[in-house]
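Both of the next two complexes hold chain A, though its partner changes from chain B to chain C.
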Partner chain A sequence: MNYQLNDVNLFYDMDKEERTAALQDITLSLDGKGLVGILGPSGSGKSSLLYIMAGLKQPTSGQVIYGNREITNMDSSILATLRRKEFGFVFQQHFLINYMTVLENTLSPLNINNKSTRRKAMQLLERLGIEKYVNKYPHQLSGGQRQRVAIARALMNNPKVIFGDEPTAALDHASAVEVMELLSEYTTEAMVVIVTHDESILEKADTKIYIRDGRVEEVHKSKQRRI
Partner chain B sequence: MRPLSTMNYFRHNKRKIISDVTIIIVAICLVYIMECFIASITQSIYPIDANRFDYFSVIVSNDTTPVIPQNILDSLDNSENIETTIPVTVKQIVFTVPGSTTHTAILAFDSTDQTYVANKLQLKVINGRMPTIGTDEIAIDENVAKNNNLQIGSQTDIDKSYNLDRHYTVVGILESDSHISIVGSPEPNNSTLKNDERGYLVFPKEGHFEQAEKEIESLSSQGITTWTLSLYNRLFEKNNQTFQILDIMIILAIIVMAVCLVCSKYAQYFSRKNEVGILSALGYTQGQIIKRTFFEVVATNILGFILGLALAILISKLFVANYFNSIGGTGIYFYGKAAVLALLAPMITTVFTLVPVYRLIRRVDAISIVESN
Partner chain C sequence: MKPLNPLLYIKNNFKSVMSIFFSMTLGVFLIYIFSLFSATTTKMVSVASFDLMDKYNIAYVDNNTILPDQFLRVLENNQNNSLAVQMNLSGLAYYRGGMGGTTMLTFNMFEEDTENLLDSFDMELVKGTLPQNDKNEILVPLEYALQNNLSVGDYIGTEVSDEYALQGKYIISGFIQGDVVFALSCQPGGQTKEDVLKRGIMYRVDNLSAVEQKALIDSLPDSVIILSHDYYEEEYSTILTSMQALTYIFTIAMIVILCIALGNLNIVLYSNRRDELKILHSIGFTKGRLLKKLWIENLFVCIGGYIAGIIFTMLVVWLINTYSLIPHGKILELISAQGLITAFTMPIFVSIFSLLPNIISKFKNENLCI
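And now, the complex of A and B:
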C-alpha cells in the first residue's frame, strides 16, 4: 500500500506568538510492504509523523494520501473505520484491557468471538509463543508477553499497515529483539512502520527515515528489498 | 460472547456490577416499601371511614341545634332525592394503623330499623349474631374487631372522648363493605344521649345520590352537623397533603442517592479512560464507544430495577401487607405509583451518568492517552 506525504507540517500552540514546530515540510513516498524505520532523537517528531500517517493526529497543513485516499481531511468516523480495518497498532505500553483475557484482548479489534476468529487468534498466539496464556489476564503476564499479546491484537484484522511506536522501549534487549523478529515476519504481508531511537533493532529495515528537529534529514532505502 | 459486549464486561467486573446494582436495589426497595407503607395507611383508613357514606349520609344534632327540627326531617322525608331517614345513635370506636388513627362508626337503632339497615347495607354476620336491642352488646365489623383485638365474648374499652362510655360485649362479627358496627343500646330515643350522639341516617334514592348529598350539605347552614361522601373526601384530601410532603421527601432522597451513584459511576468511567483511548486508537468510533457505555449503564440500571422491584414487592408483601392485614387494615404490595417512583432512581442515575460520561468520552483523545503513558 502506498503512502504519500506532501509538505506536511505540524505546529503546536497555534494561538500563541511562538508556535512549536513538531514537523516541518515533510514530503515522503513509501510504497508496498516491508519494514520502515523512523529514527531520531527524543523530541525529534518521529512519533508525531507516525500518528499523522496513522490518522491519529491531523497535520496543521499538508496532505497524507494512503492508497488513493487523502486521510488528512477524512471524516473522523470514516478514518476510525479505516484504522480498524486496515491498520494495526503496537505502542510502547501494551495498552491491553486489563479485565479481559489474552484471547479477548486479541479479539477486541474485531469484536467477534466465534469459531473462526478464535481459531485465528489461537494461531496468532501460537505463532507468538503465548498460546498457553490464552485465559490469563494482562497482569498475570510479563512485559514481553504482554507486548506479544499487543502484537497479536494488532495482527488480528490482517492489517495492511502495522504501526509500532517504540514497541520495544519497555522491554529488555532480548525481548526487544524477539518482538522485532516477530514484527519483521509480517513485512511480507504488510507495511510495518516502526518508530524508535534504537537503530540496532532496525537492522532488517527496508527503509529508514531519519528525523531531526521535525525535519526529514535522510531517507535510506536498502538496495536489496526482501520479498 | 463478544469481547466488548456488556455481558462480557459484567462477567469480568462482577464486584463492581454487584455494588452498583445493590445501591439501585436498596434505593428502589426503600422507595417502594415506603410508598406501599403510606398507601397501606390511606387504604386502611379510607374504607373504614368513608365507605358507609356510599350508602347513606348522616345528620347529627349538636350543642347549637340540640334537636333536629321536625320541619327539616319532614322536608327530607318528602324530598324526591331521599328514600328514607332513620333515627340513629352515633358512637365511635378507635381504629389505629401505624402512622394514623381514626374513629369509626358504631350505630344503634330501633329493632325494625336495625333489620332495615342490615339488609340495606348487606351486613353479613360471619360469626355470632346481631346485638339484642336494649343491651350492651355489639356486632362489630371484622376489620375493626381485628384492629381492636376483639373476639366473640370480649369487651370493648371505654373511650369517653369518643362517646364510648360503656363496655360492649362482642356478640357478632360483621362483614360488610360499609364497615359499620352495630350496638344494642342506647336506642336513638334514649334521653341520656348527648347532643352529638343523636342523628339520622339519610338514604338517597337510587340515581339521586349527588342531589341528595347537596340537599343534605345545605342543612349545615341551619346549624346541623352533616356528613356526606363528598364532604369526607374533601377532608381526606386535605389530610393527604401530609403524605404528598412525604412523596417530595422520597423524590429528594432518590436524587441524593442518584447523585452519589452517579459520582461513583463517573469515577469508574474516569478510571477507564485508557480503555476508551485505546479503543479509539484501534479504530472504534466515538459513537461505538458511547453506545457500548450506554448499554452498560442502561443494563446495570435495568438489572437493578428488576431485581429491586421484585425484592421490594416481596418485602412489601411479607412485612407491610401482612402486618396491615393482620390488624384489619389493607396491606398494599402491588402499587403502580410506587413502581413509577422507584423507576425514578434508575432513570435519574442513567441520565446523570450518561451525560458526564458522554462528555468524558468525547474529550478523550487516543494520542493523549498513548503519550501520557
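And now, the complex of A and C:
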C-alpha cells in the first residue's frame, strides 16, 4: 500500500511564543513494499515521523495518505481499527503487557484465542526461536526474548506495514542483526519501516530516509529491490 | 481465554483489585444485613396480621350493638364456615429478631372451634393440649414461649406480671407452631355460640373475591370494627414504608461513599495501567473498547464482591440464628429478594460511577498513544 506524505509539519508548544519544530515540510512517497530505514541523530525527528506515518501522532499540518485514505483527518477509532488490521508495531522498550503470557501477548492484536490463532502464534514463536517460553511472563524473559515476542505480536495480524522504533536499541549487536534478519523476511509481504540511528543494521534497506533537524536531508533508494 | 478477557486481568492482578473487592463485600454486607433486619420486621408484621387476614377477616362490636342480620345471613348462605369469636382479650407481645416487636392477636372462641381454626392455618399443636371452655387456659405459639422462657403449665397475665397486657391470669395449656402467630383461649363465659356470633365473627375470605370482600365490609355500619388486610395495611404502611425508605437511603449513602473511595483507588489503578492501555491503543484498540474493558473488569470485581458479601452475610446470619436467636424463639430472615436486588444496585452503580467519569476525562485529555 502506497504511502504519501505531503508537506507534513509537526510543532510542539503551539501555545507558546517559540514553537519547537519536530518535523518540517516533509514530503515523501513510498511504494508500500520493502525495508525502509529512517535514520538520523537523536532528536532529529525520526521517531516523530514514524509515529505520524503510523497514525499514533497527528501532524500540525500536512497530509499523510495511506493507500487512498488520508489518515491525518481520520476519526481516532477508525484510525485505531486501521492500526489493528493493517499495521504491526515493534517499539524500543518492548512494551509487552506484564500480566499476559508470551502467547497471550502474541495473540493480543487479534484478541482471539482459538486453535487456529494459537497455531499461528506458535508458528511465529517457533520461527523466532522462543516457542519454549510460550507460558512465561515478560519479566521472566531477557531483553532479546521480549523483543522477539514484540515482533511475533506485530506479525500476528499479517500487517501490511510493520513499524519498528529502534527495535534493536536494547539488544547486543548479534541479537540486533538477528532481529533485523527476521524483520527483513517480511519485506516481500509488507513494508517494514525501521527507525534507527545505527545504519549498520540497515544494510539491506531498500529505502533510507535521512533526517536532520526535522527535515528530510536525503532519500536514498537502492537500485534493485531484494527478492 | 481471550487476551483482553476481563477475567484474565482479574486473575493475574487480584492483589491490585482486592481493595475494591473487599470494599464491595463490606458495603454489601452492611446493606444486606440491614435489609434482612428490615425483611424480618416485615415478616413479623406479616405473620401476626397480614397472613391471618388473608384467610380470615374479623368483624366485631365492642359496644351494646350487634352485627347486622343481613351480613350474617350472607355469610350463612355462602356456607362460609365462620367462627364465633370474642375479641375481648389483649394481644401478646411478639418479637421475631428484626427491629422492634408487634402485638399478636388473642382469639377468644369456643373449645369446639379451636381445631377447625388450627387446621385452617395448618398450625400444629407441638406440646400440651387445646384450651377448654372457661378454664382460663391459653394456647400460645412456641416462639412466644421460647422468647419468654415459658413452659406448659406456666401462668401469664397481669396478675402474674406487669409485663403482660393480658388481663387476669391464664395457664398455658399448650404450644402451637405454624406459618402464622396468634394466641387462643376459650372463655365464652356462659354465652351461647349464637349470642357470640351476633357480636363477633371470623369469616373466611380466601374463597371470596376482592369485590365480594369489599361488598361485605361496605355493608357493615361504622360501629363495627373490621380486622382485614386493608386495616393492617393502613396500620403498618407508614412504618414499613419508612423502613424501606431507610434501606434505600442507606444504600444510596453507601454507594456514594464507595464511589468516592473506590474512585480514588481506580485513578491509582489507572495510573499503574497507563502503559498497558497505551500499548493496546497503539496496536489498535479504540478508546471506547478499552473503556468497556476497564468497566467490565471493574464490574466483575464489584459483582464478585457482591456475591462474597451476600454469602458472608448469610453465613453471619445463619450463625446468629443458630447460636443466638432460634434457641430464644427468634429468627432473622436469611434471604430477602428485595434486599438482594437493593444490594445488587451497589456493584452496578459503583462500577460505573467510581470509574467512568474519571477515566473518560483522562481519556479525553490524554494522548493514549505510545
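Basically, the second predicted complex is superposed on the first by the 227 of 227 C-alpha atoms of A that agree within 3 Å, B and C clash if a C-alpha of one lies under 4 Å from a C-alpha of the other, contacts with A are read in each partner's own complex, and residues count from 1 in each chain.
One rule holds in what follows: contacts are C-beta pairs under 8 Å (C-beta built on N, C-alpha and C of every residue); 3 or more make two chains touch, one makes a residue touch a chain.
Not measured: the values here are computed from a predicted model.
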Clash-or-fit label for the pair chain B, chain C on chain A: clash
Which of chain B and chain C A:84 touches, first, second, both or neither: both
In the overlaid three-chain picture, which partner chain does A:112 touch, first (chain B) or second (chain C), both, or neither? both
Flag for me the stretch of chain C that overlaps chain B after superposition; candidates: 43-51, 97-105, 115-123 or 205-213. 97-105
Touching both chain B and chain C, residues of chain A: 51, 56-57, 76-77, 80-85, 87, 89, 91, 95, 97, 99-100, 104-105, 107-109, 111-113, 153
Which chain B residues qualify as touching chain A in the complex? 1-5, 8-9, 12-13, 274-275, 277-287, 366-367, 370-371, 373
How about chain A: which of its residues touch chain C in the complex? 51, 56-57, 76-77, 80-85, 87, 89, 91, 95-100, 104-105, 107-109, 111-113, 153
Which residues of chain A touch chain B once you look at their complex with the stated criterion? 47, 51, 56-57, 76-77, 80-85, 87, 89, 91-93, 95, 97, 99-100, 104-105, 107-109, 111-113, 153, 165
Within their complex, chain C touches chain A through residues 1-4, 8-9, 12-13, 275-276, 278-289, 367, 369-370
